[in-house]
Amino acid sequence: MRRWFCSLLAGLALAGGAALAQPVEVLDDRGQALRLERPPQRIVSLLPSLTESVAALGAGARLVGVDRYSNWPPEVAALPRLGGLDDAQIEAIVRLKPDVVLASSSARALDRLEALGLPVLRLKSDSHADVRRSLRLLARLLGTPAEGERVWARIEAQLADAQARVPVALRGRLVYFELGGGPYAAGASSFIGETLARLGLVNAVPAELGPFPKLNPEFVVRARPELVMGAQREQAALRARPGWQAVPALREGRLCGFDEAGYELLIRPGPRLGEGAALIADCLQRLGAGGAR
Amino acid sequence: MTPVLATEALRVRLGGHDALRGITLGLGPGWTALVGPNGAGKSTLLRALAGLQRPDGGCVRLHGRDLAQVPAAERAREIAWLAQRGDVTGELSVRETVALGRIARLGLLGTPGAADEAAVAQAMALTECRDWGARRLHELSGGERQRVLLARVLATEAPLLLLDEPTTHLDAPHQRALARLFRRLAHEAGTPRSVLTVLHDLPIALRADRLLVLDAGTLQADGPPSDPGVQAALARVFGHAIHIDTDAAGRPRVALALDDD
Amino acid sequence: MSRALALAGAAPDGADTRRRHRLALGLVLALLLGGLAGLATGSDGLSLRALWADLQGPDAALLIGHIRAPRTLGAALVGALLGLAGALAQGLFRNPLADPYLLGSAAGAGLGVVLVLAAASAGGVVLGLAGAAWIERLGLVGAAFVGALAGVGLTLSLARGAAHTLRLLLAGVVVGVMAGAVSDLITVAVPEALRGKQAFLLGSTSFLGWPALGLLATGLVALLALVGRFARALDALTLGEDSAASLGLDLPRLRLLLVLMLSAATALAVSQAGLVAFVGLVAPHLVRRAAPGPHGWLVAASAAMGAALLVLADVLSRALVAPQELPVGVVTAVLGGAYLVWLLKQRGAR
């Protein structure tokens, strides 16, 4: 019922000319309705992917404060830094007088901000579907409902382009993507796993094991992935692991090591996921062309 | 007779005040009892004599040499010390504990031989704990543990025994047995030892060959118990808490003055 | 074994000897079974049938020889080093709750690891490219080892040598707190280091390979031999520090040597496997309950017990959630914590 009402409202706003000061109402991921008198003009974002989403939707100028990890687009570097989700600086946020605060899951900081009267919108950002949904929701919130689908269409185009660029020889190959500091594997049900699946690669880590399992290294050796991807600085140590010289990807040099910026881009589930897919496609093209590195 | 262990004007400061002042004495073969009120400095004197406490004035001499210059290994062979309060963790068995005394002879690396086992067995026999060899120290009562620790000291076969309150937790029969043991050790033919015991038990102390009376860090008397000067010092130091007189045989006798108010 | 007992300077009594023989036998059995289980636990969990199949398969040398065997053996060696260090710590500090991490070795190793992780992440911005490259070559293993020794060195210098046990303990606490604070500061500034730091703190036997084993084995053998020489000193310490001194022992020098041995064992173990919890604390406890004795026996048996404990923990960490893996330190913490709770209940019941 609420959904229908929202859609009707969005439709009316569209009909009336999007940028008019119409009241907006959205349902966040908690199922709670957030109602604002007019689209927010001052936005605080405490999650890098949401910062990027706002910017991608063309409302980057409305950002007045971001968290310490947001680093795209470059303009946000000039904005006040407000800490992370766990240690958000309450006073600084309140002083900025935002119309809405964007964040992800629960944190004490958010409850505090709500208690102080600030509207908080909680949006999950863990999968491709989440990104699409957040884009649509944010677009509606910002009073430009059509932008959401437009941005998503752009992302889809990037994904399709990247998929097309994957060399034929590498399509359908088994891939293993590793996240540092554990090490943790990016499983088929994770965000990166979805990207890899879109590119036509098969994940060595099945979905049943969860998004980021901490695996017995023997599992990887037995799985015999033909492609291994991860952060560049971790890749040098892979060969030293007991038994890993036998992994086909290492034997044939089919490694994709991404630099800091690229790696961060890949693991951040935001509107730049198309660029991430492009990065992977670049690497695959290089491997397909040159063979062993 | 040159004393084996001697002090010259020994002075020890603890916690900002003089625990011992101007102590000059010499120890030779025989059983000497050190008595005095609580806090007189008896334990401190024993520790200084054992080389565990550095003097702040004067010195301690072992066979004429400055004790501080004597290497620790040699000192351990000559002097054995029994602590007043057993700071023992108690995990070892009785036999293992007593055998630790042999470190004074073997050092850390020497392999124990028949002589060492004999010394351990002898020490345990003398303190009547031979049957407890396998029991863990922490299973024993306070008095039993005390006897084991004394056996540990005896096992060192050191000619100089400095024993701080060796009879405190013991029952009457064992106190008597130890008193006889001290006398025997002190006068053993062939290997007479110097035994210095700190005692609170005055009746036992009066059985010793020599009495040292310590009060407030200074030596009040030094002589055989039959010496009237020594007895006067005892009366002075312990005040009205004790009665001293002589028994029919002329030996000094002391008792707690419990009837007076 | 009888030499160890002879070193204790005691003719062992029948009951004691029997208990020690029984424990020794039990530990040998546990290690053999544990070793077998370690070889039989793969990414599919514990299965002897699968082991038999794998042995006959084409990958036998790779899976069993290169991954499972060194890992299991490595867990045994690391556990042995921790057990040895724990027995040394408890003897040195005369406290059954002492563990090898008391003197700042754990905190120092953790800080070393965090520095390397942060340097790698920050990409040389903070330290300059040359500095970062050198640190990366040192690697996490080297950084943990150096950090552990540096932590103990700092403790020794704060305590001004090993003259006083209490001062040593306090200095160890101070170093632990300081190093922890610096490490936390660094992870706030460079949050990418946080994951790696947690992995180190939780302990892991996942990547023990043959090269590491050579180092661990050499260290273990050398330390066992050294401790054999000093075992009697630890026994003498049970009498109390003054009594031990009266036996002719140079306590400050002995304490320093024992601290160095303790630190070497801990540094070796921690650099390879991270901060594995509780093994150093619990191994000597279990030995003392089953078959107490002088330190010549206690240290060797604690090493064997530690080895058995960590091999068991490693098998569990692989078998419980296969193909995923629990950090081995979590398993030892749960097991160790459960043991301590049981101990408390026993004491309370008495």
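For clarity, chains are labelled A, B and C in written order, and residue numbers in each chain start from 1.
In this section, contacts are C-beta pairs under 8 Å (C-beta built on N, C-alpha and C of every residue); 3 or more make two chains touch, one makes a residue touch a chain.
Values in this document were obtained by computation on a predicted structure and should not be read as measured data.
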item: Most widely separated chain from chain B, with each centre as the mean of CA atoms; value: A
item: Most central chain, Cα average position; value: C
item: Mean-CA-position distance for chain C and chain B (Å); value: 44
item: Separation of mean Cα positions, chain C and chain A [Å, integer]; value: 41
item: Rounded Å distance between chain A and chain B, as computed from the means of their C-alpha atoms; value: 80
item: Residues of chain A that touch chain C when the two form their complex; value: 69, 84, 179-184, 209-210, 213-219, 221-222, 233, 237, 240-243, 246, 260
item: Chain B to chain C touching residues, read off their complex; value: 47, 50-52, 72-77, 79-83, 86-93, 95-97, 99-104, 106-109, 111-112, 116-117, 120, 133-134, 136, 149, 152, 156
item: Complex contact set, residues of chain C against chain B; value: 6-11, 13-16, 94, 229-230, 232-233, 235-236, 238-243, 245-250, 288, 292-294
item: Footprint of chain A on chain C - complex, ascending; value: 42-43, 59, 62-63, 66-68, 70-71, 117, 120-121, 123, 136, 139, 191-199, 206-210, 318, 322-327
